[in-house]
């Protein structure tokens, strides 16, 4: 019994020792340097591979953080605690970032905007936008409502309500994917602290805006006159001055004649007034009424 | 060892008792590294290589250490209980050494294969092949052939699976079925079809 | 101007009601439902033959499988709140083909399990029509065969209805393996004729090569299938078994026996050709047919199962993406890129 | 977290198979009938608990560089012990488990728990974790085994339920295991989706085979990164 | 019909119901003079032209109102005499709003182009002829509106040995080229002869589908005089596609990403040829064209000679409006034309037809998955894999689509025509091409 | 190596690993030694149980005295001899042949004169349930109603199996049994499994016959 134990222990230990020595030897002899920091940082990143940081996935970003000194706060999905940890690993101070959110500057849901045609094709904004006229709505500037942005959002923050994209700010991590995908360039990242927005993007002649939509911004500039510090013109559009955004109560103060200036939550609610229908599986084939 | 035996071993290990589809070994890399055909091929290469080598080395240990009884001072010492420990340690060490060498001498191959190597250490198919060899008391050559063909069988299953998964990636799979769930169902149907090969080697 | 038009009473299209879509604006009339309906028409000869040979059993199985498949698909669309898809008849096609793949003794529950497996597990879990990598009917047959070996091998002699085990032409091969004389007898012309007409045991739809051939020619006439698949499959089986038969006459009967017996015909024309699960490239279709042929022969000659067509189809299904990828024909003008430019510079053009 | 919670989390909340998707091979291979599943589950539980205990004891002593090799040696020891014990006292179970008994060494659950839990927690908590995880694993194996055995042979724990004699035989073989486990995971996804919907968030089923929880493949990375 | 030369059969293609009988026997009518024309400024591929007139200027018919914005660009001329109005926005044929110059007619319709006729073109320098073609604003009238003078100036290293006149008119319903070849036979042939002189080729083919026997007879009568060989071709869409036509007539295939000149050919639409002749022999710039106004809902289908700047609404009025409800208004043919949502779209240099379709005639798209039937593969004249590629695009895998040659798709619509699942394949490919082009541009910008 | 702290000193690492290996081997070895006897006992019991079921009462340990012989076809056969009071009361031979899904192994017991007594199949797992098992299976499933009623399974005698029982009392002749000529039972539809059983019984029987003949010859000498 004792002998068995001794011999086996000896054999196992010897094998272990030999193998260990072999590994140690090869490892030493053929050592290749890699930076363990990169892996450490990669571990800390969320692993969503959303690309919001502008790199090809989390691994790439991790190596950029370590080797090129990229700013970890470029990852919008990272919590502050994580950023602090990354800073610890890399030995750099964590950048501070203001919480941003995406806003869709349109209020033309299906029931609140005029239609120009029966669109019959791929239910995707980018695909619709390459068809003459682009989608069924009359407004050339508004939301097509086919949800390219919602599909692009890695965090499920965008919902299509009655043919209008609305952002849920609590889910939005400001990765900017939707901004790039929207063919109508309707989405911008703005500070999440701003409670109200001008939900219109039309550069049409004001008369036409009225014809096409129930809540257009007519560029009457009433709001700008009310307070020039909070509101401004940007490239022909009335916009909130996001470096100095007004309070929610500003909306009542201004009494926007069309309701294009709206509190975010109310806007979202209005969009939901029409019950959300399950997304159709097939493109709505136009009904062939008469003459069939 | 004659050609017939080799044929029986290889056909058996590749088709009839395919490691993945019939013996259910090595599911982790099977599910994990089958998203693209290219990576699947890389993984298959790595597995075939490691499995062949590991089968040989473990067979060596089995033959000269584990199944030997030594008589010391009149007591018979049977070391067979050390088999599991020795095998896993040997395989782990082997993979590490291969990895280090690859990293040094063929960085390009390392980039394409290296990432899979650690996964192979704990791939139960490698240890499984070694255990099966030991259980069947195969000799050195048979063991190596078996290891190689088991690896090929793994590669075949992985390739087929990766090929389907490329199609699954663009199919409109119900949300709940996405990912591992549909992969398992696919593997099930594939395994079922492979049962058609039963009886090829008797 | 528009006032002028109204004065002249000229009617014009009303903007706002026009349809907007990309080109083309016209389509030929074919739809998925029409394709499936045509397949059903082409299946009629085989269905008729099955009823002729197996009488009420065939009717029973056909009705069971067809209705179970349709119910399964309908139930699935209900449960997942999708638009009903039974209108495209693909579930019906699956049901009929599955039925033709069952032995005459198949009880109702076998039909039920097979249908649910085909429609739910093999088709809908993968996303429904067009998304399934495996042929639903073939996979269901495989599942039943390995899962319910007993009931799946209860054969009936045609028109008599008495159940016998192992009484299929392919079972016969295994029974006499080793005797060259017996194999030669199997391949005798009158025996082959019987196989061709279908007065033999087997699954209800596979026995009559003639009926399937008629339907298969219909499929080709309607341009519903790629002719490459049946051609390659049958040719491969012919060559493979031919060689083996010449080399070892006692191992297997001649090639014609193989082609006319078992599931080769129905597999080649109706199952391997399922477009969803076969390659889309013409060259790929040839390779695909060849793969099925080889696998079928291997399983038939050396394997334990007497028949290998459905196994081979399912395995080859798995290879389809790979085959398509390797067999892609280049676009128009691809090859002539450098050649033509050179020729012109040398003034060598025709 | 209380010891009790460490123990219970393995059953559902962090079930190694259903939630963490670990140890697929033994799950699939040894759940063909209830008895086999039970045997495998208990053997694994023994190894899990033992190795967790030992590793938790020695965790402060082990140098980081040879952490994993040490763990493997410990695990292999327990596997050998359980193998020998079963060979001696439960030969039938030993026979049916075949090579899957030695393969517990490479079961990602065992090393995974050693890495993720026992190397960071005290003795009692580690033991509770190991036992809980092991019993959670056993629970799934037995459930899956019951379903498969019943479908395949109409029996439960070898006792005929008198529904059918020969059922859907592939359910007891590899394909049935794959398909059933796939369906069960789909069911888990469905549950999670429901839950997420109620909570107002979007649930994405893991697109890839999810091995985030398993650190077993990090055998070769030298200095581990501690995440919690 | 026997062809005088050997012809080749291109891969795939379809034969849709052609609907040409509606209008092919109606002689082309000159549209009455309108009060107001809105002439789109950009009517060519390439650089946008620059307006050279101010509001309130008086112009003569054929006077330059916008000059080319570069070499690959074409000038625009006044369709009639009158005064220049505002620069307005009109709906463009492919969507969006495009700027247009408003010309208010003075009712006199006086010529004043400032281009001298060159009746003796045979003895005129080729460069002068080329300049004339450029000055006359001639662009390809077969569809792409590529400036013709560019095509007629191949780089010196390219040997051109064949000029091909494209009279195929394979699009269903359209009969503009048909009427043109029948009514202005000699103009077409003389224009071809001018182009042949410019290119220094002596091999000139005119490819025409067999379904226009009267035009073939008329052409054959005169073709010899101008050194043109008239080649009747199978009736198969897209026989008029440039690459298909070149292959059919010469057996040469234009490489992917290549140009006709790579295989020694230049292809010109017959309308372009007639325009060349008018510009050279008469000194008339391009201000009008043959356009078919047709479709079952149209009261009097036929071919009109319309000046650029005429709106669809006006064109339809000439044709007597509609007698049944129209579901689609299409600029161009049913296979490649653009559906319109507004009747304010104007006729431009490449408007070969205005087509109205009823509900029951129109294509109806669904989002059904591809069932891999392979019909599109069989039918695609470019030998692509439309079904699988569309699935790649659907899952936004543009790299894979690019690897599968989506950029070679010419959007002929054949695949979509035959697809039983009614998938909007062409839309997928347009999307993919747009995304890939954007990506390429971005990559280029990054490089620079 | 920059710092020679304990944690990265290679000698310390080696030492530590050595200790771990040593301790674990110790544990394993102790278990191995302690379980050695029970394992042997368990292994012996398995065979002994089978032998008890198919042989008349014996008082020796046939498993311990088993010898390896080969059949005239060259197949390995394990021979157990049962003795009672020194007298041979029967033989049992273990052989294997390939069936539908792999090897089918069985034990055949013989009367002292070489007549087949009982056939049992030890491992026929891979035979298809419902087809192959018709030939190989002797087990009777306990049903739930038995359990509820408390009916204990009868372990005193072997459950019948027509195919296996048809060999009882047969003495192998010169030609192998076939379906047509012999009384032995081939289950139709399960030819492979029937063949396997037939083969293994044939190997066992011919081996025993050869063994007996040789023994007789030896005795005669």
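All chains are identified by letter, namely A, B, C, D, E and F, in their written order; residue positions are counted from 1 within each chain.
One rule holds for everything that comes next: a residue touches a chain if its C-beta (ideal position, glycine included) is under 8 Å from a C-beta of that chain, and two chains touch if they have at least 3 such contacts.
Just so we're clear, the structure is a prediction, and the values are computed from it rather than from any experiment.
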Shortest contact path, subunit B to subunit F, counted in steps: 1
Chain pair with the greatest number of C-beta contact pairs: C-E
Far-end chain from subunit A, centres as C-alpha averages: F
Subunit E and subunit F, separation of their C-alpha mean positions in angstrom: 86
Between subunit D and subunit C, distance of the C-alpha-averaged centres to the nearest whole Å: 42
Cα-centroid distance, subunit B relative to subunit D, in whole angstrom: 21
Centre-of-Cα separation between subunit E and subunit C, whole angstrom: 45
Residues of subunit F whose C-beta touches two or more other chains: 13, 17, 21, 24-25, 28-29, 31-32, 100-101, 128-130, 192
Where subunit C touches two or more other chains at once, by residue number: 15-16, 18-22, 121, 125, 127-128, 131, 143, 146, 148-150, 304
Junction residues of subunit D - those touching two or more other chains: 69, 73, 76-77, 80, 84, 166, 169-170, 173, 175-176, 179, 186, 221
Residue numbers on subunit B that touch subunit F, as the complex places them: 78, 81-82, 85, 198-199, 202
Residues on subunit C engaged by subunit F in the complex (per definition of touch): 148-150, 153, 164-166, 174-175, 304
Subunit F contact footprint on subunit D (complex, rising order): 58, 61-66, 69-70, 73-74, 76-77, 80-81, 84-85, 87-89, 91, 152-153, 155-156, 158-162, 165-166, 169
In the complex with subunit B, residue positions of subunit D that touch it: 21, 24-26, 28-29, 69, 72-73, 76-77, 79-80, 83-84, 99, 102-103, 105-108, 111, 170, 173-179, 181-183, 185-187, 189-190, 193, 205-211, 216-221
Residues of subunit A that touch subunit B when the two form their complex: 3-4, 7-8, 11-12, 15-16, 19-20, 22-23, 26-27, 30-32
